[in-house]
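What follows is a pair of complexes built around subunit A, which joins subunit B in one and subunit C in the other.
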Partner chain A sequence: MRKLNPGLLMSIPTLLFLFFWFFFPFLYNIYASMHYWTLYRPDIQFIGAENFIEVLTSIDFRNAAFASFFYTIICFAVELPLGLGIAVLLSREFKGVGIARVIVAIPILMIPIGTSIMWKLLTMPKLGLLQYFSEVLGFGVIDFYGNFWLASLLILLIDAWQWTPFFAIVLLAALVSLPREPYEAAKVDGASPFMVFTKITLPSIQPVMVIVSILRVLDLLKLADPIFVVTKGGSGTETLSAYIWRVAFKPLDIGYGGAVAVLYWILMFVLANILVRRFKSVIQ
Partner chain B sequence: MNKSKASSNLIYVILVLIVLVWTLLPIYWTVTAAFKSRIEVVAWPPTFIPEKPTLNWFIEVWYDRPNINYYTNSILAMIGSTIIALALGIPAAYGCARYTFKGRQDVLFTILTFRFLPPATVVMPLYLIGRTFHLIDTTLFLSILYGGMNIPIITWVMLSYFREIPVELEESYQIDGYTRFEAFRRVTFPLARPGMVAISMLVMAFSFGEFLFASILTTSPVAKTLPVSIAEYMGGEWGYMWNQMAVLTTYGLIPLIIIFFLVRKNLVRGLTFGAVR
Partner chain C sequence: METSLKIRRDLSEKNVGRRSFLKVAGATAGGLIVGGVAGYLLNPGEKVWTTVTETTTKTVTGTATVSPTAVPWEQYFPRADRIMKDWELKWTGWDPTEYITTTDWVRSIDWGKVKSKYSGQTVTMACEGVDISAPQTFQPGFQGISGATLQLFGIPPETLHEKLMAEFTAGTGRYDTAELFGAWAQAYFPYMIDIRPFAQTYGVDLKDIHPAFRMMNTGPNGELLGVVEDADLHSFILRKNLLDKAGLKIPDTWDEVLEACEVLKPIGEKEGWYPWITYYSAKGFLTFWYWGTIAVQFKDVTYTRLDSWEPNFVGDEEGGVRALEIHKKLLSYSPPGSINNTYELGREQWLAGLGAMATSHQCWPRQSYDPELSKISPLNTDNIIEIRPYPRGTTRHAPENITTTYLGIPKTSKNQELAFLWSVYMNSQESSALMGCHGTGVESGFVSVISNPKVWKGQPAYKNIWETAWTAATETFVYLPEAYAIEEAAGAEIYRYLDGSEPSAKKALQNAEEAVRKILDKAGYLKTGIKPPPWTVEDWCKEHNEVNPKP
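Right, the complex of A and B next:
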């Protein structure tokens, strides 16, 4: 018998585990998606591609796909620069920087559902602190719960509040572990702070930035928690994850939900592969 | 020169203060809501400092619903999933870092791309599978799934750590008569520990706060978790029970803050994903 390479041997349990728990359900979904199948009725009926046609022609599905991508783009566009800015700010040494670094990390530790609910408390009309500020400043009531753009702003606020710190602490860790020599050389050469930042700092933390960005983008595409509790999918804020929840799990419609899940799964798989392979050289 | 330096310092201080206020305001609001009365929490205009602070809710949440069970379940699922993710993620990372074999790249990228998986797409089949294996409403099921979701990130991070630790270090130990495993335990593992600790903390935070799987795959105090319980105080005949939700969110922050303080020293070295050279 040929001996297995020990490296492969060590990876096989991990692969099997992942395939069993996360790929097998996908195959199950493919099977389910081709059937008329709800948990209320005992009979399962083969209907071919009908579920898929229904999903692809549904306006709700397209809206949800749009919402997922829209939130991914706006949240990422806000969180990365902001996180980098905070990291640069806190990479300086000053009195109390230690405690500031700790405080900035706290939002990551909050239970996301709790965070969303507390933001709801902050923004409910005639109840929330932000509404109070707005009234004092003369803007009146902000309609966070009836208007797509303001509802999206609220989701952006919640996500940015909780996850900008993720960028901040990771990039901060990268910044403070950079070697000092290039900076001293740049100082001798009389380079401007801006030049130093773009020519030395950014290139050296780029790999970390890429990794943390990929992690964040993939998580953003799964965004669901704030939608569940804050807008409940109203005003066009329903993302793909929230959509599956509504059409599949609540009515226990395994067939239709399966079709949505298969399409969503493929979409994410393709995106993840593009991202990971595109930045392969940076990551390794 | 001095004047511009002073003013740039002032801008700097103001920016830091803005960041801190922005971060702390929602946390402050959560904690103070936990101390307010049912009336005061919805008062208009809102009160900044609780007028008659009460500890009532901090005690009541342990009696009105089985929150003590939900809390324990969350902590157990957090520990269980972290152990599973480390136990499966580290060997794969080590194997791929130390040995070359055909298809190694594919193995790695296959593991890494599992990070894309949206829980919503697999939760229904998992519900049916769980029903078959009697795993519905068990902490074990949650630990397995949370662990699985976090294997990619652990493998990813540990891989870059193991690569940075020269293999010669291990070999020198093996020459001294230690087995490969012993060499790993005595040399590589301690060197990679900051990374492992830092990433475990993130994994713990992810697992502790997970909502979607828990809300569907757990149904009773046997396995239901804290985030699900928090969401259940929303709506219903009593409307939004802000105080209870605020108290439970505050309670939920405590274990993670403790862990955060314990591992603080490892974070700077650990959170760079081994990608700063």
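Right, the complex of A and C next:
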């Protein structure tokens, strides 16, 4: 009698977990997306690809996709260099560096909704602290909620405030684990700090940078908390996650919402594949 | 460079032993436990229900009616001195030990029987987070009178509907009673019990609830899906002192409102306030509601045609277009960012004194007087708060009572009768009068309360509500389970005009009609040829053979 592979046996709980928490809901979602199905009504109706066509022709979906990519790009473009700069600073030894590292890490520990609410309170017209300083400095009341660009600036501030430390901490760990020999050799050769940074440090931490960047990009594509709190999806800031909440969970239209979710997943899957393949050599 | 090398060396040379790790982990866990216990012990806990002395029982036999079997429980009856703050009693001039309503079903129930049956049991309630102070106010009294324990769960209003629907459709039975928005009542219908049998058992007269606030909660066969907890109509509120200073009379029409805003704007810029506060306008159903309250003041807008479900937002004389233009103009007179206002933000702006005029539910006017909540309270400033009927378009309706909230009892409730008793305790005539006058944000819907001049002193907006409720109108969509989806879809289209992505108000409304038409068509309403139910209180009363109470 053939012996059962012990490795396979030990994997069964994980496989079951994956099946019930991922594969089955995913397949069920595809099934739902091909039906007219709201939880208000007991009957469901097969409609094929109608939901998908409606999603792809919906201006709201296109706007939400644009907003998702827009915030991903601007947040990433700010958080990565800023996080790297903070990591370089924190890799030096100075008095209080230990406390500085803890303080830098605090924003990551806060719940995202709480962070967003905090920033909303700071920017409330006439009532928020930032608005007070804005008026004192002569800029008047700033419309952070009703104007797309200013609302986007606020969303960028919220996200960067909370997640730049994520880059900083991961890159700091990479920096402190670098071997010392190349630096000693560079010192002997008389290389400038800029050359050392660009020719030794950056290439050495590149794999870590790529990995943390991919993780952060995929995370940014799911951006939702600041949108819910600051604008409720208004002023053109509605991202795909906020859009799904509005069209799936609010009206309980799991058919249409399911179609949006499937398309969203395809988008993320394709992007993740592109990124991993593009940077495969770097990661390896 | 050298510094980073030093750090790396130091780290590699450190030995983190098992013992030291356990010490640190133990210390951290201990700290968390101590902190958690301290936080729990320092929690102020429940409000203590004021106990009464022997002398107060004398007032029981005064003008208010109290059943003899109820006398031992009198100490738990909602009464002014047990609910109201000192400044409220001073302001109203009431005798705090007298009841302000002459009939109250709490005073007629045999609580002795109730306590013997339900003592020790638990009843749960899901409520809107912003209004949680209302049930909290009555929680100690109910627990005392019934012997049961009441557990409250507050949920943010923007997510209340979907959270409750998730619970109901999953059949979790988590809540014995839940606060349900009347506008979406039809979605809840299949999951709720009809409370009429319990009402009959306990002698609860539900007809005292004004028809304007019963329209949405009544089923096709007269079933009633819950006691009304929060009966809202909008009023027009203003700080008359600011208008007087500008030499303005109180506007009566929307055009006059806009003219007044234009005059007030430069004054407000100097003094740090705005002509208008937009109650709510955030993308989705809030946009639709706000536009709708203005649109129904134009007689050609009826949400749907009266003889079919065909959407009617534009109006034959483009009244809906005018309303949307007014909505956008009002935003320009409001604090920046008001386009995305929700109830809480709008309220904070009003109570902080950022606006001269607004339309809102009757909670704002009452809260304006509260010196603890409001910077514009006439009790400690020179402000004069006026409450008037809604500005007129080509007609005047009391705006639709779309935010009537009632306390429904799910079929999955483990304790339906106890849940019913809680719902009537919290929402009796006296309870609701006190709630309205106490500024909890939750308002009475009883004819006997809103028409009571004594109560007007504590809630000045009730006079206006009593005078206008008989003219109220409601969206016809509230009779459909898809109401929420319809409001969200229409609101999203209307919002496009407000944020400028659609330049034409008429096009935005036409797009909204199209979005709603799609939903109605998919659900089969456009094929059936059935007329929508009546949308005005007057017509509803005619159809149900009821009197429409008027002043």
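One rule holds for everything that comes next: the second predicted complex is superposed on the first by the 265 of 284 C-alpha atoms of A that agree within 3 Å, B and C clash if a C-alpha of one lies under 4 Å from a C-alpha of the other, contacts with A are read in each partner's own complex, and residues count from 1 in each chain.
The rule is simple: a contact is a pair of C-beta atoms (placed from the backbone, for glycine too) under 8 Å apart; a residue touches a chain by one contact, two chains touch by 3 or more.
None of the values given here were measured: they were computed from a predicted structure.
Contacts of A:Pro13 after superposition: subunit B is touched, whereas subunit C is not reached.
By the touch criterion defined above, A:Phe249 reaches both subunit B and subunit C.
With both structures placed on the common chain, the touch criterion links A:Lys126 to subunit B and to subunit C.
Once chain A of one complex is fitted onto chain A of the other, the partner contacts of A:Val78 are absent, as it touches neither subunit B nor subunit C.
With both structures placed on the common chain, the touch criterion links A:Val102 to subunit B but leaves subunit C unconnected.
Contacts of A:Ala191 after superposition on the shared chain: neither subunit B nor subunit C is touched.
Between subunit B and subunit C, B touches the greater number of residues of subunit A. With both structures placed on the common chain, the touch criterion links A:Ser177 to subunit B and to subunit C. Looking at the shared chain after the overlay, A:Ala65 reaches neither subunit B nor subunit C. Overlaid on A, the two complexes show subunit B and subunit C touching the same residues of subunit A, namely 92, 126-127, 176-178, 249. Contact residues on subunit C toward subunit A in their complex (touch as defined above): 1, 3-8, 11, 158, 161-162, 165, 169, 187, 272, 282-284, 331, 335-340, 342, 345, 348-349, 352, 354, 481-482, 484-485, 488-489, 492, 495, 499, 501, 522-523. Residues 5-11, 13-15, 17-18, 21-22, 24-26, 28-29, 32, 86, 89-90, 92, 100, 102-115, 117-122, 126-129, 132, 161, 165, 169-170, 172-174, 176-178, 204-205, 207-208, 211-212, 215, 218, 221-222, 224-225, 228-229, 240-242, 244-245, 248-249, 254, 257-258, 261-262, 264-265, 268-269, 271-273, 276-277, 283 of subunit A are the ones that touch subunit B when the two sit in their complex. Across the complex, subunit A meets subunit C through its residues 36, 38-41, 60, 91-93, 124-127, 141-147, 175-178, 180, 183, 187, 196, 230-236, 238, 246, 249-253. Within the complex formed with subunit A, the residues of subunit B that make contact are 12, 15-16, 19-20, 22-27, 29-30, 33, 41-42, 44-46, 88-89, 91-92, 94-96, 98-101, 103-104, 107, 109-126, 128-129, 144-145, 148, 151, 153, 155-156, 202, 205, 208-209, 211-212, 216, 226-227, 230-231, 234, 240, 242, 245-246, 248-249, 252-253, 256-257, 260-261, 264, 267-273, 275-276.
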